[in-house]
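For clarity, chains are labelled A, B, C, D and E in written order, and residue numbers in each chain start from 1.
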Amino acid sequence: MYDARHTEAQVDQTETKISAKGVQVYYGDTHAIKDVDVEIADKTVTAFIGPSGCGKSTFLRCLNRMNDTIDICRVQGDILIDGEDIYDRRVDPVQLRAKVGMVFQKPNPFPKSIYDNIAYGPRIHGLAKNKADLDVIVEKSLRRGAIWNEVKDRLHAPGTGLSGGQQQRLCIARAIATEPEVLLMDEPCSALDPIATAQVEELIDELRLDYSVVIVTHSMQQAARVSQKTAFFHLGNLVEFDDTTKIFTNPEDPRTESYITGRIG
Amino acid sequence: MYDARHTEAQVDQTETKISAKGVQVYYGDTHAIKDVDVEIADKTVTAFIGPSGCGKSTFLRCLNRMNDTIDICRVQGDILIDGEDIYDRRVDPVQLRAKVGMVFQKPNPFPKSIYDNIAYGPRIHGLAKNKADLDVIVEKSLRRGAIWNEVKDRLHAPGTGLSGGQQQRLCIARAIATEPEVLLMDEPCSALDPIATAQVEELIDELRLDYSVVIVTHSMQQAARVSQKTAFFHLGNLVEFDDTTKIFTNPEDPRTESYITGRIG
Amino acid sequence: RDNVQVAGSSTVLPYASIVAEAFGENTDFPTPVVESGGSSAGLKRFCEGVGENTIDVANASRKIKDKEIKACAENGVTDIIEVRIGYDGIVFASQQNGPAYTAFTPSDMFNALAPKVVVDGALVDNPYTQWSEFNADLPAADIMAFIPGTKHGTREVFEEKVIAAGCEATGAMQAMIDGGMSHDDAEDACLAVRTDGRAVDIDGDYTETLARIEANPNGIGVFGLAFFENNQDKLKVATMDGVMPSTESIATGEYPVSRPLFFYVKKAHIGVVPGLKEYASFFVADELAGPEGPLAAYGLVSDPELAKIQAVVSDEVTMGGGM
Amino acid sequence: MSLIWLLGLVLAIAAVGYALGRTRALSSTNGDIRKLHSLPSYYGANVALKSAIPALLVLVVWLVAQPLIVSGVVSSDIPDSAIPEGSSRGLVMSEVKRVAAGLDGAVAAGTMSASYAASAQADMDDVTKRMRDAQQITPEALTPEILTAGQRFRAMVAQGKWAMTAVVLALAVAGAFWGLRESHAEFRARNTVERVTKVLLIAAASLAILTTVGIVLSLVFNTYEFFTMYPPLEFFFGTTWAPSFSGRGGSSELGIVPLLWGTFYISIVALAVAVPIGLFSAIYLSEYAGPKVRAIAKPLLEVLAGIPTIVYGLFALLTVGPLLVSIFGKDGFGWMQSGTAVMTAGIVMGIMLIPFVSSLSDDIINAVPQSLRDGSYGLGATKSETIKQVVLPAALPGIVGAILLAASRAIGETMIVVLGAGAAARLSLNPFEAMTTVTAKIVSQLTGDTDFSSPEMLVAFALGMTLFVVTLGLNIFALYIVRKYREQYE
Amino acid sequence: MTDATNNPPRHKTSLHTVDARTKRRNASEARFKMYGMTAILIGLAFLAILAVSIIRAGTPAFTRTVFDMELTLTQAEFEAAEKQLMKTKAYQAVFIDQLSAKLTEQNVQVAFDGKAIDRLLGKIGGDLRAHYRANPGDLGKPVQFTLPASSRVDGYFNGKVTRDTLVDSRFLEVSDLDLVDALHEAGIIHSAFNWTFITAADSSVDNPGGAGIGASVVGSFFMMIVVLGLSLPIGVAASIYLEEFAPKNRFTDLIEVNIANLAAVPSIVFGILGLAVFIQFMHLPNSAPLVGGLVLTLMTLPTIIISTRAALKAVPPSIRDAALGVGASKMQAVFHHVLPLAMPGILTGTIIGLAQALGETAPLLLIGMVGFVAREYPDGLAEGFLNANSAMPAQIYTWAARADSAFYDKAWGGIIILLIFLLTMNIIAILLRRRFERRW
């Protein structure tokens, strides 16, 4: 049923967008990410998989320095985006985050109207010249987030009054409204039904044409469907990182194999 | 891989645990649940499926009167548990909720230690005679919630410092710690990896021996695996309610069929 | 700055306010600003120096102390004109409907309020709970006196002119000296007031004393004469040593408990601050501070030597004699 | 040009700069906002800030410095002979200033020509008369020295004013140009503006430090002075507070212990009233009451914080005191002698403090996310259990803050203490006895009749200083408690 | 997963019958709720008691007894009066003469003399002089005057002075009351609403009839403008810095403790500081509302900072994450999202802080706003901030200390005005706060 895709297409060697080297993350004394090296290619969808608590979200949050907001969190190692170290003192995390958008694991709409939730990013980035422009952006984002039909009549109702899945899609729409170059999505479909999931996957596929997308997912099927590269994390280690097809058909590490066959958790 | 189950077993006619008649729910002017009749049997797992925003959570929250806490929410119709109308004025929602436990869609651990998160329910219901008793309950609940191994060394760390999936399992453990007669679970496995999901499903299956479980899920496979009865909601209507096998193999309503085959969302 | 600035004693404030208002209404100078805040605070600001941002006049309910004059001089405030405006009578009054407290002597007050009194020739802890216990002429009512707190200058007058006098008269002072105290120590010890709650310090104003008396029928309070006269319908006054307090008896010195009131003028500001000298002479003019003037009408005991004081002001005679 | 005008002009330049900066930035990318580093308004704000802030800073500094400099120069030019005995250079200067103002006034009223005012030297009487005609206040006897100095003063002030106007406007324009030059697409306008904003925020926060420094400075010298006159040991450990009049040989006993005890005791009673009532009110308002009740009850309770303390004092004296006496006095339990007591003041103060606890706590409780409550209800907890075990712990820092604020207020209150608890310092355990507080004594010693360089007056500063240190200790302890028990949600 | 069966499910219970434990818990719930309700009721009851006593004690201030009479002042009398030192007394004498003449003419049956009339009159000379100085054209013409009676006559009209309790004194004698009755009958004196009280400035201690709170309302108004204009922005800015931007270290802890500690500094100490810094160092004028406002600002800041910080802390971090995640800067996240959500707490702090500032007297004592200060209305803004003025609490405080009990009524009347001022001031904040309140 998931047909209209570009999946099989270009897994050719595009340039590296993000490259992480020797990344270590500590929460206080807990060592949450242990020496992770990873290269994320441009115009590619990379999936992070691994058992719950293995550090996927933590690593994802390193990529746009969202971990800065957690007091006890310390990050070591180098993360380069387009060859620039994002932890460099000259880097403005704000610009970084404008470039690297994020959908959080727990949907967190602003306690504002649905419209304002979407319009906020474009407004602060000056993406719209006028109100009409903004309306267009909001509608387009909501459509791409596969939620337009459900909310078009209540754009000015609060975003917090939506159902779980609707909030999740609202957050996806909010993230793409600012047109980031890299989009980090932490389990974006966890609360979505198959149809909505399919629409979001379609969106991801479409985004891949221009951007780089990193997605955390627990659904092996989803990873297989949307990603070209897959990284498998386990207990804070990056166990294996390779082409998705390779990982799912012929993993090198025994742990990877056990995980995708459902033996370790 | 999901083998050690009692699934095929007793789908025999057990007595009705919950019966809802003509339930209508409004959020302000929005009509979220439209005239739903449903009978939920004891010692059975009932799955609610349906596209995002169709009213599953809303209906679930009616069953233990959690909707009381939303100001703008109005509930009409009768919901009987063990033949008693839960919206009766004599009914104490507190007792009701002790009897009908709930796992929320968004994990909401208390800002307390992991231990206290679990111990909270048993403490207020007086389920433990002493500290040792409580320790036993906590450990057992965490084990059943499939999270013991991950947190056993940090029982006194805050529950809010857990990963998304860990929080979800913590909330499951918290709900079963009070041993409710009915357990309502709103997408309990949305943030879980397959192994953890399997463990939770095992738990559900085990709970079914004594209790009645209602689970909201977006995964048709999961519904098929764990439930004996399935209700399909669409746009606030209960479209079809029948044995799970029936729903998934031979649905009566065309909408159900389209949904399970992935055509409407 | 074109107005006269005055600060200081809250006891002098009422009189100063009458003068200031009249000064504004009767001359073309702006109404002076009169701040309250206590003699000490007023003098402190007075002595901060000369110049526009310091006050011109300090009101005080006591004479300026030598230490203060010295401090003033250190800050360049050297020529100070001292102006005595009259006397403040201090009276003992109680509720109209209360017990018949009509006549006291310093001895009565001492017996009632001292921590140690002489009973049968021996100095003992004050055993009295009722006035009649030591003076059969006084009513058999519980002792309860509201006396000025230690922040008030009135307390000093009360201690010196009433308690100390009583101490000597009852022989307590002699008893203390006999008991081995030096004369000075005994004098100090004489001023103590019992602390078991029968003598209540009032740090607030006379209105507070009045409120306490109204709430407490047995209470006897210490008031200024002006305050008492304004509230004669609520209070009845007692004689001291047989003398009824009044402006006349105080002016003649018959009534023992009173104190002089002053204000101090910075000579250096005269001629610089417009209206300063006019204000000072207006204050002590017969029309105001004289026995027929509004200050006396309000309750100030006019200074019998007012003419001398007027001369001091008009000649700008500074303290210590210099011109 | 008057100050208001100058200020207006600077602001106008800033406003124009804002508009220009915006458009210039936009035009640098041909109207494409997306190519700009920051939103156009940030470019505008950058220009506005660059033109306004330096100009205004210079303006303020100038306004402070010019009078000092001009006075200094003019005053040093006055010959010593022109200063009458007993007067001072400062006083003569104020006369000079008055003459300058008089000349200004006379010119404005038309009784003098500008040139006459600037240069007249010969006829003092004529100058005086002309100033009087213009309703100006004049010195009694105008001397040539003073007139010259006055004219000099006037001239310098006028020059200074022109110079200031010129410098300030030039700075504003220069700043605007600087900002405008930067208004191109690559310039990080937002970062610049935010850096300035942050500096402003830091400046605001430093004000608290400055205030503290100011308070400590204004207390510490007099405190030191006090300790040179009175032994510190007796002050800190003396158990009697009995100031007497310094004229009488300094037999005062100034022990702080009874005052601290009274402060502590009265505050405890006040908090014992305010905290339960306030906290329960807050809980009721935020968790139980409907929006209507809440909308009315909360502001009404807040009125309690705005009633002048003198009313509370009288309420204590006239209503609560007698009431307590009738219960605990001779006719009742016999513990209480008169209406003034720790209890009276404490209870009334507690009433005043209710809104400090109730309103602030209510806001904080209200801010606890609903999902936490849902989590607890879902487990079958009652509302009160939820509140006690989930909501209150999550709101703890705010609630402790509110209680501290109430405690602070209790410590700092005087009027209620004076009228409700009396003025006598006493060390007793019986809450039905009169006592007094440190603050009440600070006020009464400061406003009293005693001589201002006596220990009886200076002790007020030592009391203030001690209280400051003691409350600092309490606050550190409170911070520690909050840190220890804080439950951070999400 | 085996041991489920070891633990048989609890006995099924009916929802309609409440088990013992639940009963106990519900009882405790009911108790808890009742405590809450009781707490509110206690608070409101205290408020009601205070309000009733304030209103009861304060209403007399709003009425006064006045003489209504036509007066003709000749040029000669005017000139004679202007020659005196106490000119106002001469005007008063003229009024008394003409009133005596009128009474004789009307053949009033009560014995009276000039002194008796003088006792009944308030201090009116000032008003008369001011009138004729402003309108010299009225000389020689009859002019209708409405002038205050003495405070004792006021007391007689509102029942505070009765023939039984009155003690003859130079202020009033019992026989004078007959004259009052006669004048009342003749329509010369009557009660009227006391506009003077609302509009006038303070008067001297022997002139209660002329006393008003108006000028000090203006003083308080200018002070509150300063307090609001400075303490709210500075307080919020400081809180934002400390809560959102400052590195969390010993130094910020120090600041935090410090601010909390500032709240405990007795207000008079702020007066000491204000005197030293603003008046002695910065040479701002004495008794000026600007200085008062600055001192009160320092005093209000801790309240606002403490409540703002608490409110900022209470905003869930996920909101900040959401904003940062779409590329907002920290500054934007704070100003666009966190601050609006913290608004109710900020406004509460403002309401309480301003209420406190509005009612504070002690620090004003040291910077010269207590005493006999407010005499004229300022013309214009600059004067409003810089001219000597009093403030409402200071005015109330001085009135309450005065001997004539008529001022006591005025003090209570002043409190009513102060509370009205407070409510007006707060109403905007209260409405705003309601708009910002929300749960998430």
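Quick notes
The definition used in the following text is that a contact is a pair of C-beta atoms (placed from the backbone, for glycine too) under 8 Å apart; a residue touches a chain by one contact, two chains touch by 3 or more.
Every value quoted in this text rests on a predicted model; they were computed, and no experiment measured them.
Here the chain-to-chain distance from chain A to chain D, counted in touching steps, is 1.
Looking at C-E and D-E side by side, the one with more C-beta contacts is D-E. Closest to the protein's overall CA centre, chain by chain, comes D.
Distance between Cα centroids is largest for the pairing of chain B with C.
Mean C-alpha positions place chain A and chain C at a centre distance of 83 Å. Centre to centre, using the average C-alpha position, chain B and chain D are separated by 56 Å. Chain centres here are Cα averages; for chain C and chain D they lie 35 Å apart.
Chain B and chain E, compared by their mean Cα positions, are separated by 59 Å.
Along chain B, residues 94-96, 98-99, 106, 124-125 each make contact with two or more other chains. Residue positions 10, 37, 41, 204 of chain C are each in touch with at least two other chains.
Those residues of chain E in touch with two or more other chains are numbered 25-26, 29, 317-318, 329, 341, 365-366, 400, 440. Interfaces, counted as pairs of touching chains, are A-B, A-D, A-E, B-D, B-E, C-D, C-E, D-E.
The residues of chain B lying in touch with chain E in their complex are 81-82, 84, 86, 88, 90-92, 94-96, 98-99, 124-126, 140, 144, 179, 181, 202-203, 206-207, 209-211. Put simply, chain C touches chain E in their complex at residues 1, 3, 5, 7, 10, 13-14, 16-18, 20-22, 24-26, 30-31, 33-37, 41, 48, 53, 55, 96, 204-207, 224, 226-227, 229-234, 282, 285, 287-288, 293-294, 297-299.
Against chain B, in their complex, chain D makes its touches with residues 370-382, 385, 389-390, 393-394, 487-490.
Those residues of chain B that touch chain D in the shared complex are 64, 66, 69, 93-99, 101-104, 106, 108-112, 120-121, 124-125, 158, 160, 171, 174-175, 178, 180.
Per the touch definition, chain E reaches chain D in the complex via residues 25-26, 28-29, 32-33, 35-40, 42-44, 46-47, 49-50, 53-54, 233-235, 237-238, 240-242, 245-246, 253, 255-270, 272-273, 276-277, 298, 301-303, 305-307, 309-311, 313-318, 329, 331, 341-342, 344-345, 348-349, 351-352, 355-356, 358-359, 361-362, 365-366, 393, 396-397, 400, 411, 415, 418-419, 422-423, 426, 430, 434, 437, 439-440.
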